[in-house]
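The chains carry the letters A, B, C and D, assigned in the order they are written, with residues numbered from 1 in each.
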Amino acid sequence: MNAGKSTYLLQVAHNYNENGRDVALFTSSLYMQDGVGVISSRIGLKREVPTYDESTDFFALLEQTDAACVLIDEAQFLTPAQVRQLHRCAHLHNVPVMCFGIRSDFRGEPFPGSAALLVLADHLEEIKTICRCGKKATMNIRTTAQGERIREGEQIQIESSIYRQVCARCFYD
Amino acid sequence: MNAGKSTYLLQVAHNYNENGRDVALFTSSLYMQDGVGVISSRIGLKREVPTYDESTDFFALLEQTDAACVLIDEAQFLTPAQVRQLHRCAHLHNVPVMCFGIRSDFRGEPFPGSAALLVLADHLEEIKTICRCGKKATMNIRTTAQGERIREGEQIQIESSIYRQVCARCFYD
Amino acid sequence: MNAGKSTYLLQVAHNYNENGRDVALFTSSLYMQDGVGVISSRIGLKREVPTYDESTDFFALLEQTDAACVLIDEAQFLTPAQVRQLHRCAHLHNVPVMCFGIRSDFRGEPFPGSAALLVLADHLEEIKTICRCGKKATMNIRTTAQGERIREGEQIQIESSIYRQVCARCFYD
Amino acid sequence: MNAGKSTYLLQVAHNYNENGRDVALFTSSLYMQDGVGVISSRIGLKREVPTYDESTDFFALLEQTDAACVLIDEAQFLTPAQVRQLHRCAHLHNVPVMCFGIRSDFRGEPFPGSAALLVLADHLEEIKTICRCGKKATMNIRTTAQGERIREGEQIQIESSIYRQVCARCFYD
């Protein structure tokens, strides 16, 4: 369910590494395969990384980091408190923190972590993809395996769900 | 307490009007002078406009609008439900809606309306201003008339308060 | 002939001045009224400023400036050599330089100064306005007083000319 | 010599293809391997594509295209006339055209094609990478195999040259 954000994240990590600099990568513990966190991109890129969950204290974790940059995938699952930790970290320890995620869930409701990131971030950047109708996709929907839209349910459901990115007009139709 | 967002809003309205097109302008009912809503800019621009409060139903209000564009100032005071109305309006009635506001309050906490706007908006644009230290200001603080920082209190307090825009580092210091 | 860029420039100057900081403002010597350079905005703002012409050496001029920021209006009339001076200035003397101008002339041809700015600038920002058709205006046309389009002539003609901002589709039609 | 622009281009193509839509991809004829155009990314992605050279007439070529999007890599080698063809194409045939390239050469001088693109494009987007010093890289330098900087020579030299992206301060030092 993405526009290439994991591709972009892995490219940024690659740029730093090519310059001889370390990066600290994290993904959500919801994205584990065989017990290991994995950032993977549908275009074929993949990297094993540490995971975070709601108990992770980023301020403590990054206090003495040597990383030139912190990159967090699936950042919509951060808690607002963790977003605040990362924000303090960026400004008090002076380490760039880049968080990649989606803004709203399949009902168009905010992820609390995404809302917190959008409110505090110094720079906001959009990774664009298209809706089937050709317009810019800004939202997403949950479907059955047969492509039928599901309008109600839990905010987070990864394993058995299929997501599709859509524009706002198609979302409301 | 702004970086020129009211100036920018009034300039956009002016551009539309110069092209012979009407715009629908609103500000929060908290910004009334002598019972009339006023959008004013410290650089010297000023325009009387209708106000909205939490009971305003934008979807109904704009259903039959002739306006070429809807412009809302002090949009941090919108409710999340109103943001949803405006979003549906933009995409189902096809009228551009531009909302101008600040992201976080004097404690660094989100305004619910701003969080909702940031999560749903098709385009996000930043109006930049500077902190006294010279860095980009992304947050704001509340002070006494003597310039002393106030760290606790109600989220919304307009009349007797003084605000100053600061960068995140100065915010945390 | 603008989308509000002079408004935006004067607002930035105002923000710096309100923070107790000086700015160095310039406009082209083509924009003099009674021998004095003037930055003015159709919405009603106005400020007298020094002018530059093609003989101005910005690197020498700004070497010992106390200004916290350099703001240049009608920057399409800079020479590519002046753009290079300003670029060196920004990076070797560490003073922010913001240039405001239009990209192409009434034939859709680049202004040499604008092309040089777009190629070297660290940050590019678009000030948006609309075409009469409602789309985003990215180009401009020259017309007679009666509104008839003029397709040939000198690149620079200020006094007796009328300009209108249009989208690319209307430009080519 | 890139920040991931080929990665980004191939990701956009992938997004369109996943939505069941064709894209028209091109790279410069300077980027042929064994007689075939190749877009490749240091992170490991690769795709064979048609090439363009200075004799290509894009307006004729794309007049009857079924492609949902045109993607051009190494777009700094376009001629200004080709940029104009692509611009007309985008606005008269209504097909999105995305061009990926670098702005300036190893001497800080514009590529004529890049200057033309920057002047006419409807949307400008920056793909960021970092200088060895940690700042944002906006320029590039040519070096010997031993890493020694070369300051003079032809604008275009691909085979035997090594390039490195640098920030403007390091460029001028």
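Before moving on, here are some points about what is shown:
Following the convention adopted for this analysis, a residue touches a chain if its C-beta (ideal position, glycine included) is under 8 Å from a C-beta of that chain, and two chains touch if they have at least 3 such contacts.
Since we're looking at a predicted model, the values are computed, not measured.
The chains that touch both subunit A and subunit B are none; no such chain exists. Interface subunit C/subunit D: over half of the residue numbers present appear on both copies, so the contact uses mostly the same residues.
Averaged Cα coordinates give subunit C a centre that lies 28 Å from the centre of subunit D.
Work out the mean CA point of subunit B and of subunit D, and you get 39 Å between them. Multi-chain contact residues of subunit C (touching two or more other chains) are absent.
Judged by the touch criterion defined above, the protein chains form a single closed ring in which each chain touches exactly two others. By the touch rule above, subunit C contacts subunit D in their complex via residues 84, 87-88, 90-92, 103-104, 108, 110, 114-116, 118-120, 122, 124, 126, 136, 138-139, 167-169, 171-172.
Interface residues of subunit D facing subunit A in the complex, by the touch rule stated above, are 3-4, 7-8, 10-12, 14-16, 18-20, 41-45, 68, 129-130, 132, 134.
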